[in-house]
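Structures follow.
The same chain A turns up in both complexes below, where it pairs with chain B and then with chain C.
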Partner chain A sequence: MSKLLEVKNLKKYFSHHHCLVKALDEVSLEIPHGKTTALVGESGCGKTTLAKTILGFYRAQDGSVFLEGKNITACRRRFLARNIQIVFQNPYVSVDPRYTVYATLYEALTVFKKVSSQEAKPELVNLLAQVDLSPEVFHRYPHQLSGGQLQRVCIARSLINRPKLIILDEPTSALDITTTLKILTLLKRLQKELGVSYLFISHNLKLVRFMSDYVWVMYYGKIVEWGSQKELFENPRHPYTRVLLDAAYQRLTETASETLETDGCRFRARCTSRDKRCQAEPDWQEISSEHFVRCHRSGDTYV
Partner chain B sequence: MMKEFRKNRLAVLCLLVLLSLYGLALFADFFSPYAYDEEDVEHLWSPPAKIHLIDREHNIFLKPFIYKDSFTIDEYYRRIYREDRTQAVPIRFFVRGFSYKLLGLFKSDIHLFGVADSSKIFILGADSKGRDLFTRILYGARISLSIGLIGVLISYGIGLLLGGIAGYYGGRVDMILMRLVEMIMLVPGFYLMLALRSSFPPNLSSTQVYVLLIVILSFIGWASIARVIRGMALSLRENEFVYAAKSLGLRDLQIIVRHIIPHTFSYAIVTIVLSIPGYILGEAALSMIGLGIQEPQASWGNLLSSAMGIVNIKLFPWILTPGLFIIAASMCFYVLGETLRDIIDPKRKISL
Partner chain C sequence: MSDIITFKNLGIRYRDGHKALLALDNVTFSVKEKEIFGIVGESGSGKSTLAFALLGLLPENAVGAGQIFFEEKDIFSLPESRMREIRGRQLGVIFQEPASSFNPVLSIGYQFRELLIHKMQVQDAAQRREIMLSYLKEVGLKDPLRILDSYPHQLSGGQLQRVAIAYALSLKPKVLIADEPTSSLDVTVESQIINLFSYLRDKFNVTIIFITHNLDLVGVLCDRVAVLYKGQLREIQEPAALFAAPKDPYTQELIHTFSQLTQNE
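Here is the complex of A and B:
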């Protein structure tokens, strides 16, 4: 697999009331060309922080991000904008409520291109057609559109400068189930047409299974397991992955605990199969060439 | 929103008062019977003219008239004006007087009202040099009311931009800008005004003084607005549409001007209206103590400077009328601002 984006040992700590929150604790991640890579985990585990750090909104304490081999950790925003775009969770807050759809898209277009509002129109009409919207929506304001329509506008906006990677930060969790499916189908079609790669951030494993080619599981600032979609869903090795999978099918299989370990295996307080080894930091175990896990008990057979 | 505004009778009244004040100021040449610097030794401290409709013989006239007045000098060498009941002078409307350019465009010499050249009419009285107070109030309104508007626009321009920058960047930029703001806010406004004024030469032309006053008032005014806008920008920058703009590659200044500052407008409109009186009063204070607009130019403030002595107020109480105009204009702006604030309820209107 050829790498489009590579995240290496990224560290991002926030200090919050004299308490250090390790939002990203030496996170490494790889995103291949033209595929969908999913990043899953509970809310607050650092998924969005990772996205924002990749986009340069946060400055990482340590580690680096490579785009096609080029270190982009300290790159300027305008360079990143040509290559990486993001689609947010709630479309209603991710476009300026004072801008019409046309103004929103036109503004995005003019970042790298000098065109008059009239000249831009055919291009923007095409763009809307790509996301199955008619030019009728051009002169509407965000609040006059449905969530699905507006999310299409956001997707159109993210496509405008032909990026290589689009980060989808829970793009459908504010939408209802039928709209979700339509948006995801649209995204898949766009990937096929344009060859764009996705980093699909989600906590919904059903959607992840539908969307992605690779899955990375994150637990409180650490990647605990990653693998191809097929392997990970058929043979989940980390207990946390299994908890997430079970939860997707309405089964609760964890020890209730509010404790968050700061060393060793972070998950051990909630783990049903923990033992003494879990006090130590687990290392990567290779399950197959496309499946790695960070658990002392990965060799054990699970029931 | 217009509907809610119209429901508030007081606010509508205030708006009408303000509009008519600005109208009077704009067309001061037309409404005033005399030139603002026309002096008349025959009418020093002439009291407000009594306008009559009924004469001595109880005849009712359709047209108002005044009596020609003359003065005698009493034992303290004061002038005692007395109406000469035998000489009625009718008030004429749309009379020809001194020529002027309406709005600087149309040459004209028509004035709303006036009397025959043999006499003079001072509907609000005359000052120590026999100048018509009504005329001078109208010309003074030009300066006092425009300083309020221009001053507020300039200081809001600065305040919005610097507040937006401080809030958007945060960190060190925010630190430096906010300490600067605090320094300006810490010095009592009036003394800061005096200090700034005294750092410029005292003998400037009237236009220079006018510009200088605007600059001084704006310099003091931008600080408080910058602080509030900074607070709003701090929360606005966490909006996802700001992150979206960043990820699209927009420059910081573009984001601040296009996506942060416009969201503070509904707040800014209210405070702009509420802070105009501060500028009117600031100008009045400086002019009154002689540091602002200089004679013979009129402003509401320097008109009041003749009312500084208690003797003058006792003998010629009409010289306080510019103060009534200041109060009226300020109160109208306050009522208008408060009403706007009620209508533009942040919880209802702004969807941050």
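Here is the complex of A and C:
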């Protein structure tokens, strides 16, 4: 797979009540061209921190981000915004409530282009058509639109300067199941038409299965497993991945404890199959060329 | 088992200027004692309106018609002063967003004490403490002493939702109304809370009305499910039958959408 974005050994630590929180602890990740890469994990595991660091909202303590081979870690926001965009979870707080849809989109367009409001109109009409909205919504305010309609506006806004990568941070968590399906189908269609790549952040593995080509699993600042969608869902090897899958498919899950280990395998407090080896930090084990896991017991067979 | 709650020809409209928005349209059904009864529908289907009507918490611009029987007594027409005796004590409730169910500047223990003093008239401090600790343990919180001294922002969403369930149960309600109780939680926490509900029904013999838009949860948790669409009751079934053979066209579409998302490609 040709790489669009590569994250190498990214570190982002926060201090919180005199403790060091390792939100990203040497995270490495690859995003291929024109595909959907999913990043999954529970809240607080660092998914959004990674997204914000890629976007340049946070400066990492260490590590680098490469876009098509170019190191963009220290690039200005303006350059990053042209290439990487984001769609947030809650559309109502991602747009200015006092801007009409037209004003919201026009503002985004003029970041990189000098056009008058009149000249912009045909382009914005086209843009709305791409997300299946009619120009009637141009003069509406956010509160006059449904969650699904407003999320389409946010998707349109993210597409405006033809970015190479769009980060979708739980884009449907605030929406109904029927609207979710429509939005995800729209995103898939746009990917086919425009060749844009997605980083799909979610904790809902059912949606991940529907959307993604590759899946990366994150647990408290560490990537613990990654693989192609098929491999990861059919042959999950990390116990944490299996906990997430069990929860998504409503199978009863264990949790040994909720305490968090700060050294060795961080998952071991919650792991039902831990042993002595788990006190040491596990290294990557290759399951296949498109499936890697960080678990001492990955060689063991599971029932 | 006998019916504990019966909605009879319940209709609710919201006045908005000169228009009236129909939220519930002539809804009639019953919930049996000790049942876990699911109510599913999209946003705007009227599921929360139904819960608010049952709890007597409809906003001022709501106009209602019909009756709601709780243990054969019509509670829909009761004045607020009488409703206050029923709400909480007889009909417990758990909301979607646990963080907004608490006062952020008072500790969990302080709020729990207030509840027991005012709603349950438990005046003895030692007895109160025992009750608080036992309910916190019952909902699966491992360190109840620390929880009592915590403030809401110091707990996770899952822990707070467990505390909210403990508060509700401590008033020994006959019916527990849970309005999207897991929508703002992680999948792993969600499955734990779902398991907790089944356990609590058996342990405390409480009837649970579970409102959600997630069909998955209904399948594992509920005894019967009602499907609401634009204020109308479309169908009531056992979940297995609902998934296997939905009768109503809207339910068929909902189940179809759902299976598209959950099966791969």
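The rule we apply is simple: the second predicted complex is superposed on the first by the 301 of 303 C-alpha atoms of A that agree within 3 Å, B and C clash if a C-alpha of one lies under 4 Å from a C-alpha of the other, contacts with A are read in each partner's own complex, and residues count from 1 in each chain.
Here is the rule we go by: contacts are C-beta pairs under 8 Å (C-beta built on N, C-alpha and C of every residue); 3 or more make two chains touch, one makes a residue touch a chain.
Since this is a predicted model, take the numbers as computed values, not measurements.
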Is A:Cys19 in contact with chain B, with chain C, with both, or with neither (first, second, both, neither)? neither
Touch test for A:Leu181: chain B only (first), chain C only (second), both, or neither? second
For A:Ala248, decide between first (touching chain B), second (touching chain C), both and neither. second
If we overlay the two complexes on their shared chain A, which of chain B and chain C does A:Ile86 touch? Say first, second, both or neither. first
Of the partners chain B and chain C, which touch A:Phe57 in the superposed model: first, second, both, neither? first
Between chain B (first) and chain C (second), which does A:Asn204 come into contact with in this model arrangement: first, second, both, or neither? second
For a test of understanding, state which residues of chain B touch chain A in their complex under the given definition. 239-241, 243-251, 258-259, 262-263, 351
The chain C residues in contact with chain A across the complex are 42-43, 142, 157, 186-192, 194-195, 213-217, 219-220, 253-254, 257-258, 260-262, 264-265
In the complex, go through chain A and note every residue touching chain C. 42-43, 147, 176-181, 184, 203-207, 209-210, 233, 243-244, 246-248, 250-253, 255, 258
Contacts from chain A onto chain B in the complex sit at residues 52, 55, 57, 77-78, 80-82, 84-86, 88-90, 93-98, 107-108, 111-112, 143, 154, 157, 160-161
